[in-house]
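Following are the structures in question.
One chain, chain A, appears in both complexes that follow, with chain B as partner in the first and chain C in the second.
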Partner chain A sequence: MAAPSGRWRRALGGGPTAVAVLLFAAMYAVYAARTETATTVFGITNLLNDGIVLAIASAGLTLVVLAGEFDLSGVAVIAVCNCVVATISTFGDFGWLVALLAVLAIGGAAGLLNGLLVAGLGLQSLAATIGTMIAAEGVALLILSAPGGTVADVIADSLTGDIRSVVPVAAVILAGLCLAWMVLKRTRFGIALYAAGTDAAAARLSGIDVPRTKLKAFVLAGLCYGAAGYMLSAQTGTGDPRASDALLLFMYASVAIGGTSLMGGRGGAFGSIAGAGILTVMQKMLFALGVAEFYTNVFNGVIMIVALVIGNASAAVAQRMRRRAA
Partner chain B sequence: MKFPVKPLAALMAALGGLLAVSAGAQAQDKHYKVFLDMSYSGNIWQAAAANGVKALAATPPYDKQVTFKTVISGTDVQRQISDLQSMVADGADAILIYPLSPTALNRVIRQACRRHVTVFTYDSTVTEPCAYNVSSITARYGANSAQWMVNAMGGKGTVVINHGVAGTSVTKTYDAQALGVFGRYPGIRIVGEFYGNWNDATSQQAVANLLAVHPDLDAIWTVDGTYGSLQAVMKARPDRLVTIAGQSNNGYRLLMADKAMQQKGLKGLSSSSGPAVGPYAFKVMMEVLTGKLKLDRHNVEYPLPWVPYQDVKMCPGDRFESGCNVFPNGKVPPLFIDTALDGTLLPELSLASIQDGTATPGARMQALPPVKYADNLPDINCSDCKAPADAMEPNLVKPIPVPK
Partner chain C sequence: MSDSVPSVVGPSAGSVLDLRAIGKRYGATVALQDVSLTLLPGEICGLLGENGAGKSTLVKALSGVVTPDTGEMYVGGAPYRPRNVLDARAFGVATAFQELSLVPTLSVAVNLFLPQPGINRLHMIARRRVEQEAKAILGAHGIRDIPPATLVGDLSLGMRQRVEIVRALWRQPRILLLDEPTAALADRDWLFAQVAAAVGWGASVLYISHKLDEVRRLCGRCVILRNGRKVRDAAVAAMSDDDIFSSMAGRSVVETFVAVPPAIRPGPPMLRATGLRGPGVDDVSFSLAPGEILGVAGLEGQGQARLFQSLIGLHPLQSGRIEMRGKPAALRSPRAARRHGVVLVPEERKTEGIFKDLTTVANISLPVIARAARLRLISRRAERRLVEPITEAVDLSPRTLKLPIAALSGGNQQKAVLARALASGARCLLLFDPTRGVDVGAKQSIYRMIQGFAAAGGAVLFYSTELDELVHLCDRCLVIYRNRIAGEVPREALSQEHILALASGAGPSGQGAAMELAG
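Right, the complex of A and B next:
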């Protein structure tokens, strides 16, 4: 029995991200064991579509959190983008492209505004991004005063379907997101991000432009919110100006479960994507288990706390292993 | 993936035989798997509607015919989409939804319809044509309540508008209707407005603030949060009350009917959307599912509750019988919504049904009176459709002439 326990310890020592992935796998297994369609392409496509908006948005949020800041504007920016796509994407043959460029521009601009307020003016990020959030919520209502509008079929069908009935499009997008993160992490900016989040003063002394790094993090996060808004539009096929407060909490939960420290400097987008996966499959698993209605939320909460505790323990084990190796 | 062909074929044949046998048995005693998908929980209106549905699902003969399950999806539309997918995958025969958005669920509802699931919504609606909507949203609450207020005020006075939740179709529709009616009377002046979010505490706070600025306010128009709005007036101006229209909380109906309150100027209308629309939608859905009822159109109207202060009538028992419509103080909490019960369309339900979700002892499902089809309202219960020309006009109250 030495080998499996050793393997477990290694997995546990893999840090919170590995724990999040394991937890996701375990929950998926429970869901799949009780649901016939879970392992079909149809079922997997559905699952990925349900989770991809949260995954992209929390990956973006991770960058800001790594830099040691908060960003509450995400959901409202997603709502604005959703309304814009539902309003303009059906114009002409290239409406889908115009809408895509528009959401990226909106997301980028919102991120730039957040970045200038926080990194430029030195405002507290929590307060500044509440401001952008409220403003963006208002803008969403100006674009659509009630749910409505139409998203071009080409967006809705191509982004939520699968390629040759084998590979879900959402899987390709997720893979691209993971790849982008792996590259980004190794760039100068990636290293600066961790440094700025760990100890801003030390980072500055070692020649890192901390405000510039934070500004970039906000802009990249904004771009992710724009993309998430585009995916949300594809999935719902329509616009809804009301930002879901629940989604904002799920974004932070994904980041935390994925092992990114809310104090900054530790974690990564890969973990947040796994965290988003956990929160998405949790809904399916609780349904498959037939958990009685009012207990669903209790279970949601308990599983989140368990994930955090294991992740934390795992980080400690990893540290001890590193120390022993040294 | 490859399967050994022969054993598989044998298995299929055996399974086919088994299915044929069970189909014969099912013809006599068909069993249905039915889901209720709530959104919010912990809200009086939602809980009352869900309990009414649960009680009917436990009332004979449905207690034997229906496997019934409730799922709470919360306020995130993606979660609701996920839960609807799960219900379809789980082999649902019918799903009753409180939809979080009139349009965002259309794709997943279409998926369900393609797999022969009967999909109904209650109170809120969807524009997907394969779903059935059961709602009072087409019953012109905004126009009727505003006209009632104008008539009660003699066509002049100051009004505060308590909007519902910003960005919802209900709020947009009712607001447009009410503002249209008020706008026709130059003597009516709108001196303030706020989004009360259908919430009593929020409304009470906002009205209290507005009263400080407009101490001689004459009237408050609400969709919900009515009891809270009136409480604010009673605190700030106990001797001079207002004309007010809105929800149907028991405490509010009792105040409306109170002669002493009326002498201080209270003129109340109890209406707005009733939680009984949930159990009513369930009843219609089950008749469609069991083949007893065939609907030619997919939009059904639940009649708008309508109790002006003159019509409040005390109930001696636990049911709404012979036209009574309010319970005595102490029997239910003040915020209990009386329109959770409906003596005419839902005689199966009693007070215990709404409070605990249990069937009324001895009750059996009664046949449904003919349904009333609803008007089309674009972007609310249909897309690519036209609303009737008078969709924004009152149809329950006769407008008074504009005073000179």
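Right, the complex of A and C next:
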């Protein structure tokens, strides 16, 4: 009796995430019905490329949100990384590698700084990361005072194309991201992350090092922002200290649509990736339906609220099922 | 062992735990001062004191959650300075916390092994193995009704408390700290068996409780704290109840329960429920007269919480009728219930009872704040005038009114919750375990308030996990078993044995069947 009810529970426990995935599928179907190229390798690659920066950044942000904190610095870190890639990646044959290591180092360092401010000094994360965000925006402008610079061709070519014209590179990266999350979620760190976000006091009494857990979450998020900055560079082929400005609210929207509680402790990166997918495919769908571009944000907002409402209902149903089973 | 004078001599030979002159301050508040204490191998020592006496701070110092400002601790003769729960665990010190330290969004199994549940080669939690091990551990401690894969948040409070206790027990610690372990637990025999088992493997137990009968039953010696200081350290047998109470309270407490004549009034019942059915409520009928204190008893998780919540419309009922003073009443929401004068004092004070960031006076005046308004602005003076007579009825000191309610002891918080219920003009109070985790002094205030409320013609439905409260305060007692009323014990026959027999589903004659209830 325990086994099937357990499986049911697990299937339904991801209520809001399942809703996000279904919404994505529905919108993709509309988009595909109206656009011939949508289901071709080219069309899929295109869609994935449009969404992958948001997906990686939102997945990183999810870790911090799960731990019960906020991180606003993401977009600014992405901007810094973009400017750095546009500046150094064309130096020599291994410029792409140096740039990759550099963005990971920058992302990790920014995450470490955030983590030390929040977990070490006990500052409010919303306030502290506004500080690091503004500082990082300044750094981006110091590196490139105006859009410019060049991203090495090898980066753009290898990250935005397809493998043997069949598998989009972005799909591989996305799959890797999902796999990493699946493992991470089930590690001791993953458990500690949820525990710290749910009830920090109980987590501490249970022997979990809450500050250390939060610090790790910020650092991992920073690494994701670095990777997102690298992907952004691959797509734009140039540096722009303001290229990622619009991303901040979309990151939080992805996280929320995906069913992660902004209070911490509930949700996961799958949902955020699905949320990023929804926001990306929606642009395509509205375009395919011939909706004028200036309506797009109206739909963005409406869809976000719809996703939250359905996700909420589904979570309630899932909990009732669980309680009945227990 | 039976010296009543606190001694500050060196580490006693053979002691497992030795605290010397421990002190801890929070700002201006002295939580602990000069507290010395030893535990001998295999000893069960009671730690008594009112709320705010320093018991919990002492437990937290021993568990590595707070660091004492002064004094030294030794475990097995070695200096003991734990910085967190894991340090304490490494020394063989384990704690079942009063506030329950389980993480609600994780499974029972994972909680048992936190922070290091078993992992596989990929460093992922070995879910099946962890759950199997958890099942074995729970089973070894006589728990078969809690599936290890269940999320802790989905368990009843009593179940959570058992899991909390097992989490402290299963590693077989040398020193076991139990902080109010029966606060939410109806099946105390289960706990006593666990404590006996722990002593069996040589553990020393520090047993923190408000319940004197438990301390008498388990402990050879007891230490009493008052205002952060140790005031007694003596053999339990050498002290009378009054002796212990007055040491705790710093004043003489003559009797815990004061018998008053029944105040039941004739006429239509204040509240009559007929054939109530809904999830967790199975054909419940009862009638509550004005002036009556009607007890409700039941072992943990028999549907009593659901019944209380359903009565004020927190959960919809499928069928059944509720009448107030002979007229049908639709109590479909807490607000509607309040309009009819029916108010619930809920189980979880911290999350359901108080607004922790508001002052005490604001917490009390909340339902009637409009009456303190002039031109829609609240007059602080009018608010105080409104609240002060009520605080007297519940024995809440006026100086607590301006403080944030979070700064109050559990007992005073509960008095404020009761005061709010009275302020809202309740005529029918539904009290769900109102004395849980409350000190002796506050308990007596609450008893007086209940009796006074009934004497003035109010009706009380009173659930308690403490059977002696039901026996001494109630005019009758309903016993709930598996969502139904299993029986009613009239005033003449009210006794703990009687209630227990019904509560375990054995019927009025079969006593001692409480043990098999677990399933």
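Definition applied: the second predicted complex is superposed on the first by the 306 of 326 C-alpha atoms of A that agree within 3 Å, B and C clash if a C-alpha of one lies under 4 Å from a C-alpha of the other, contacts with A are read in each partner's own complex, and residues count from 1 in each chain.
Going forward, contacts are C-beta pairs under 8 Å (C-beta built on N, C-alpha and C of every residue); 3 or more make two chains touch, one makes a residue touch a chain.
For clarity, every value in this text was computed on a predicted model and none was experimentally measured.
Once the two complexes are laid over each other on the shared chain, residue contacts for A:18 go to neither chain B nor chain C.
Number of chain A residues touched is higher for B, counting chain B against chain C.
By the document's definition of touching, of the two partners only chain B reaches A:37; chain C does not. Of the two partner chains, chain B is the only one touched by A:145; chain C is not. Contacts of A:77 after superposition on the shared chain: neither chain B nor chain C is touched. Within the superposed three-chain model, A:27 lies out of touch with both chain B and chain C [touch as defined at top]. In the superposed model, A:253 lies in contact with neither chain B nor chain C.
By the touch criterion defined above, A:294 lies against chain B but remains apart from chain C after alignment on the C-alpha atoms of chain A.
Note: no residue of chain A belongs to the chain B contact set and to the chain C contact set alike, using the contact criterion stated above. Across the interface of their complex, chain A is touched by residues 38, 41, 69-72, 74-79, 81-83, 85-87, 89-90, 101-107, 165-169, 171-172, 379, 383 of chain B. Touching chain C in their complex are the following residues of chain A: 2, 6, 9, 183, 186-188, 190-192, 194-195, 198-199, 201-209, 265-266, 319, 322-323, 326.
Interface residues of chain C facing chain A in the complex, by the touch rule stated above, are 63, 65, 84-86, 89, 95, 97, 99-106, 110-111, 114-117, 119, 122-125, 127, 147, 149-151, 154-155.
Residues 35-38, 43, 46, 50, 53-54, 140-141, 144-150, 156, 160, 232, 235-242, 244-247, 250, 280, 283-284, 287-288, 290, 293-294, 296-297 of chain A are the ones touching chain B in the complex.
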